[in-house]
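Everything on this sheet refers to the single structure shown next.
Labels for the chains are A, B, C and D, by order of writing; each one numbers its residues from 1.
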Amino acid sequence: MAQAIGIITANYSTQNSSMLTDVRPAASLPYAGRYRLIDFPMSNLVNCGVRTVGVVMPYNYRSIIDHIGSGKDWSLDRKNGGLFILPGSAFGSTREGSRFLLRDIDFNRLFLDRATEPYVIVSSSNVIFNMDYDPLIDCHASTGADITIVTRKATCDDPNLSSAWIEDGRVKGMHRGAKYGEDEFLDTFIIKREVLLKALDWYAAVSHLDLFEALAQDFDKVNVMDYQFNGYAASIFTTQGYFRHSMELLDPKIAEELFPEGRPVMTKAHDTPPAKYETGSRVRNSLVSAGSRISGSITGSILGRGVRVERGATVRNSLIGQGVVIESGAIIENAIVDRNNFIPAGTELRGTPEAVLVKEKSPERH
Amino acid sequence: MAQAIGIITANYSTQNSSMLTDVRPAASLPYAGRYRLIDFPMSNLVNCGVRTVGVVMPYNYRSIIDHIGSGKDWSLDRKNGGLFILPGSAFGSTREGSRFLLRDIDFNRLFLDRATEPYVIVSSSNVIFNMDYDPLIDCHASTGADITIVTRKATCDDPNLSSAWIEDGRVKGMHRGAKYGEDEFLDTFIIKREVLLKALDWYAAVSHLDLFEALAQDFDKVNVMDYQFNGYAASIFTTQGYFRHSMELLDPKIAEELFPEGRPVMTKAHDTPPAKYETGSRVRNSLVSAGSRISGSITGSILGRGVRVERGATVRNSLIGQGVVIESGAIIENAIVDRNNFIPAGTELRGTPEAVLVKEKSPERH
Amino acid sequence: MSKEKCIAMLLAGGQGSRLGALTRNIAKPAVSFGGKYRIIDFALSNCANSGIDTVGVLTQYRPYVLHSYIGTGEAWNLDERGAGVSILPPYATETGGAWYEGTADAVYQNIGYIEGYKPDYVLILSGDQLYRMDYHKMLENHIRHNADLTVSVMPVPWEEASRFGIITQDDDEKILKFTEKPKKPDSNLASMGIYIFNTDLLIEKLKEDHNDPQSEHDFGNNIIPKLLSEGRRLYTFEFNGFWRDVGTIASFHETSMELLGEKPEFDLYAKDFPIMSNASTRPPHYVGPEGDIDDSLVGNGCRVFGSVKHSVLSTDSYVGPRATVVDSILLPGAKVKEGARVVRAILGENSTVEENVTLGSVDVTKDTAVIGDDVVVGKGEE
Amino acid sequence: MSKEKCIAMLLAGGQGSRLGALTRNIAKPAVSFGGKYRIIDFALSNCANSGIDTVGVLTQYRPYVLHSYIGTGEAWNLDERGAGVSILPPYATETGGAWYEGTADAVYQNIGYIEGYKPDYVLILSGDQLYRMDYHKMLENHIRHNADLTVSVMPVPWEEASRFGIITQDDDEKILKFTEKPKKPDSNLASMGIYIFNTDLLIEKLKEDHNDPQSEHDFGNNIIPKLLSEGRRLYTFEFNGFWRDVGTIASFHETSMELLGEKPEFDLYAKDFPIMSNASTRPPHYVGPEGDIDDSLVGNGCRVFGSVKHSVLSTDSYVGPRATVVDSILLPGAKVKEGARVVRAILGENSTVEENVTLGSVDVTKDTAVIGDDVVVGKGEE
């Protein structure tokens, strides 16, 4: 019985569009082999006891619905509360940097009206972290702020991020881009439900804007506070960022921060057998998902479910999607091979660490 | 383990649009107090053992998703097969008489590709009946027809229905409108999966058409057979038809045909207490759903869940939606009062049996 | 919801033999009640509404209906990951099997289950009482008092106090005395048989009790008096709402009737504390052209062609033309056929009263008539 | 799927004492197997894949893990409306409780459950065997022969025949003779302990058997010979696939090893007949920079920093740097710490082998080493 309900805006496609997100919304991008990006915000909410979660859908919602279903795998298949599918407003959210469009929330105002909880935790599906929201809720409740945003000290310069201008814990403004050491916004905030409802009225005339764009002139009136997160977080806005942050999971310390004991990351359950290693296989520094069958050689890579790597095939520094088959003698290096691809014997797919090669999703085979 | 998968086209809005379907797709219209129209095609499929059902969604899909969820209440929440949400094609299905648009099926071709069952049972959500599909499947399998459509002898003249021109059990053509005694098409057919996939290719150039429109010139080449249904069926295309067919449920014989033992109609489960009758209530020839509290007088009417009829209020020959409150002294006659309406003391709402008054859906109260 | 972890152990093993024909084939907590519920719904809904998401249900007597009804607890939102409802029947070990010999013994035999969840507190409940209680408030009380054990109590009329286990407390709610059915009660606070224990103490006391050959292995008769004699910190939590033990035919009938009327003390319709159940989906009920229903509860799927007054008609029951049902309870699927007359009776599930039969009597000095599940009452058997 | 109604009764009550430490706290059908499964997954998946959607699971010995694992059968798509999995533990009646005294007695005590579903046929299964079988084909065979009882059989090597219940049949698959462990077998067809009965006959025979003071209440020893002596129509259904009873440590180890290699006889990856399980969600396993895995199965959540050869690593197991695991089975959560060496061993759930400890031996004349659940093996205890 948390004090909050949750909203996840899953209708954002990365601006820097790649072949990966052409075929699906960012929320259903695979991550860490068997997960999807949306698993992380969903699990964060559920792990702190939130049992009412609305997910704002993109136009192409099939892959998300297939994945989250009725929310059963997140304990959100409930008689009271549970998972709510919230259709996004007609034109979706493709504007640069806009993850929290007012019109998407306004279109689903009933979801907010029906709730009785005092707070709403809102997050996008583009920033990956595993966080205990309880101290955030407590902090927000005790300061009495209207909004408390989650930030961390930026670990690099990145024009795709957003950052906040903070004085004495109070947010004075926000802007696109973050430089090393600035307060990077993690696309997650908690807001009083009543304030969110009021904001929809205040800004009804500019409902095409993102909530924080609309607030731009009003940071002196609306009390927006800051909450610092110190753990691992990865913002996924570009293909290169997606690749780089995926590869960070090969660091056992980072994997442990993202998958700590006591705060499991939940995802859709599958009946997949264990992975099988044949004689002669050679796997080093890699994450391998269930159902994979390995006879070849794999280094520094992440494999989705049910991948086959045949004898004599080599995979290095690559992300391999679910159901990919890599035939004998094929070589894959510095590449993202999306699901269901078939890589024939002897083929070579090589990118460079700076320019990763992307092999797009293939239609399902039989 | 049925030999068939199912498709339900839930993206059809009645042509003769009324205030009732302005706010929701026809598939989620309430029926028989606690049900929705889509419950009937869903239950027919599940009761004959079909465990893979795709539902084609309209643009405004929220009410359907809220209702069917993951399909759990229809035993369709499964690891293999189960319920599939199929987004409708971009422009929905509002063309007159078109319930089986090729582009809607083509848009979800993967659903057909993945199946292994030889047959597909396709139905719309606009025709209500409770039918054992097993003999239909057996008949279709034994004749070897490409398509077998379900018809019955039309019980009245109605320009909104469709009918088939049949010779020796073989369908020679179809046309809009049905006259008494003609073979009325019940918007339900079984087709070989391979034939449906081929048809998508044959008619790729005219995918804006309904399957049977596309077939119009080809009834001599494609073997379409007829299967006669002898039970009760109600086609819901107009507000008046919706009202008239709803009222037929007050005939216990018809209610028994629609809710027979052994073929339950499944719907979303709710925690609603039993109905409560206070001293002085007077209810005759009516269907009353759970959670209703009756102190007034009700005749020849159907009440949804959680309706309150206060002392001295009168309801005659009317459909009352979920959560409606009718205050003391109010009189409702020949009317459809959609959900969540509040009828103040002393108000009178009167239509005539020929021109039923419609009070549209009201926003949720607290 | 506080972060302190509390799990519930729900005692549902009893036969409930004083419910006679109603518990011939099913355990008492599985008996139908209130038109669409089963008795255990009330305790399970209390747990769900109090945020207690881990519940062990101790079964023993004819548990099949109870087991299939409870399932994984999904109907009460209790099928949480890493929590949920667990059915705990007696079981065999290397050394053979042991039946539950008392309330304390039943919990003793499932110490392993409790330890698996590492709770700070254990709530002990019965599966056969009707009430709405926020156990979380009781837990807060327990924590505030830094108690070893908290007993839920309610004031009863002084003249009835000698029928209960009576508790005397000081001004700070600390229990001074506990007397089972005192002849001269010095308090009117009765124990409701609802306890919150600190887990470590519970386990220690259960083990002691198990090894005590004199003990009947009962919480009320053995564990509580022992703790009191040891000078432990026992506190009360006072409850003032509607509470009933429907353990006899008379109380079952009376409590059912208390659900009727304009403003019943127990409001099934209260939305902030819903009673949840694992009900099957049935159509709305139908009232025929000559049907007449007054001051009654009517469940889904019923068909009423006759007259019903001051009664409870559960799911799928049937009252034929010119039949009369007064002051009675029809359990699911019960049928009163054309012209029959049923007064002050309880008809079991799927039982039938044949045409023109008269059953029961308005004479309240006589016992309530009870027809068992599936029984058919024909002419000459009334 | 035929319209004939067949339900399954799955015997899962045995202790499986020959599995030693592995069944100290859980029933044999609940023991982990094959990296992510529990033994009962195979029988339940067979039911689901054969279209048998009603399964009564008879439990008795330490059933808690089994109960919570099975739940309502949802993981096997067996939670159908009006069907599904039911847990059937021993229960008490008005006259007290009775433990299951044999396979036939266990089913006898649940005749009420069977009658509730009114099936035409009842399939009797064990919860501790590994195989894939389409029971529907067996049922078709049963119907085609118009049999009273059909027994599933498989050919075994002649030299091993005297270890089994051996069946002699005529050319039409009719059973002529059934001999338990014959010294001089005249057939090599062994009974697999899988039976299909016509329901009425089963119930009649169970009642007879219950009243027979001489009977051990066992299907193989009592019910089958009785039917044969009465001249009933008993037929066989021949099975030729992979079938194992993992009832001993040796067979558990050997059968696990048989899952390895390039083309194992039992293919976990066959998509048309999937083995389903109620597994928890865990991340992919990680192989460290020095990790080395050869000819092995590795479950989700494992972390491998050492060397693993010809072994099964179940969910969440751990092999530390410079540790070696050979010819071994790590059950879920088992840990082999840095520098330890484990050979031909079975490590129970959440057990630990401490740093630099050596456990087990390549010498196949010695017993397989077995470490119980939660046990920690330190230096000096090898």
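Simple rule for what comes next: a contact is a pair of C-beta atoms (placed from the backbone, for glycine too) under 8 Å apart; a residue touches a chain by one contact, two chains touch by 3 or more.
Just so you know, these numbers come straight off a predicted model, no measurement behind them.
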With centres defined by CA atoms only, which chain is the most remote from chain C?
A
Would you say B-D or B-C is joined by more C-beta pairs in contact?
B-C
Averaging C-alpha coordinates per chain, one finds the centres of chain B and chain C separated by a number of Å equal to 41
Whole-Å gap separating chain A and chain C, where each centre is the average of the chain's CA atoms:
46
Among the residues of chain A, which ones contact at least 2 other chains?
77, 79, 264, 266, 269, 271
Multi-chain contact sites of chain C, meaning residues that touch two or more partners
74, 274, 276
Under the definition above, what is the set of chain C residues touching chain A in their complex?
1, 3, 51, 74-75, 77, 79-81, 274, 276
Which bits of chain D are touching chain A when the two form their complex?
34-36, 262, 268-269, 274-277, 279-281, 283-300, 303, 312-314
Give the list of chain C residues in touch with chain D in this complex.
13, 15, 17, 25, 59-64, 67-68, 71-72, 74, 84, 86-94, 96-97, 99, 112-113
The residues of chain A that touch chain D in their complex are 32-35, 73, 250, 252, 255, 259, 264-267, 269, 271, 273-291, 293, 302-303
Contact set on chain A toward chain C in their complex:
1-2, 49, 51, 75, 77-80, 134, 264, 266
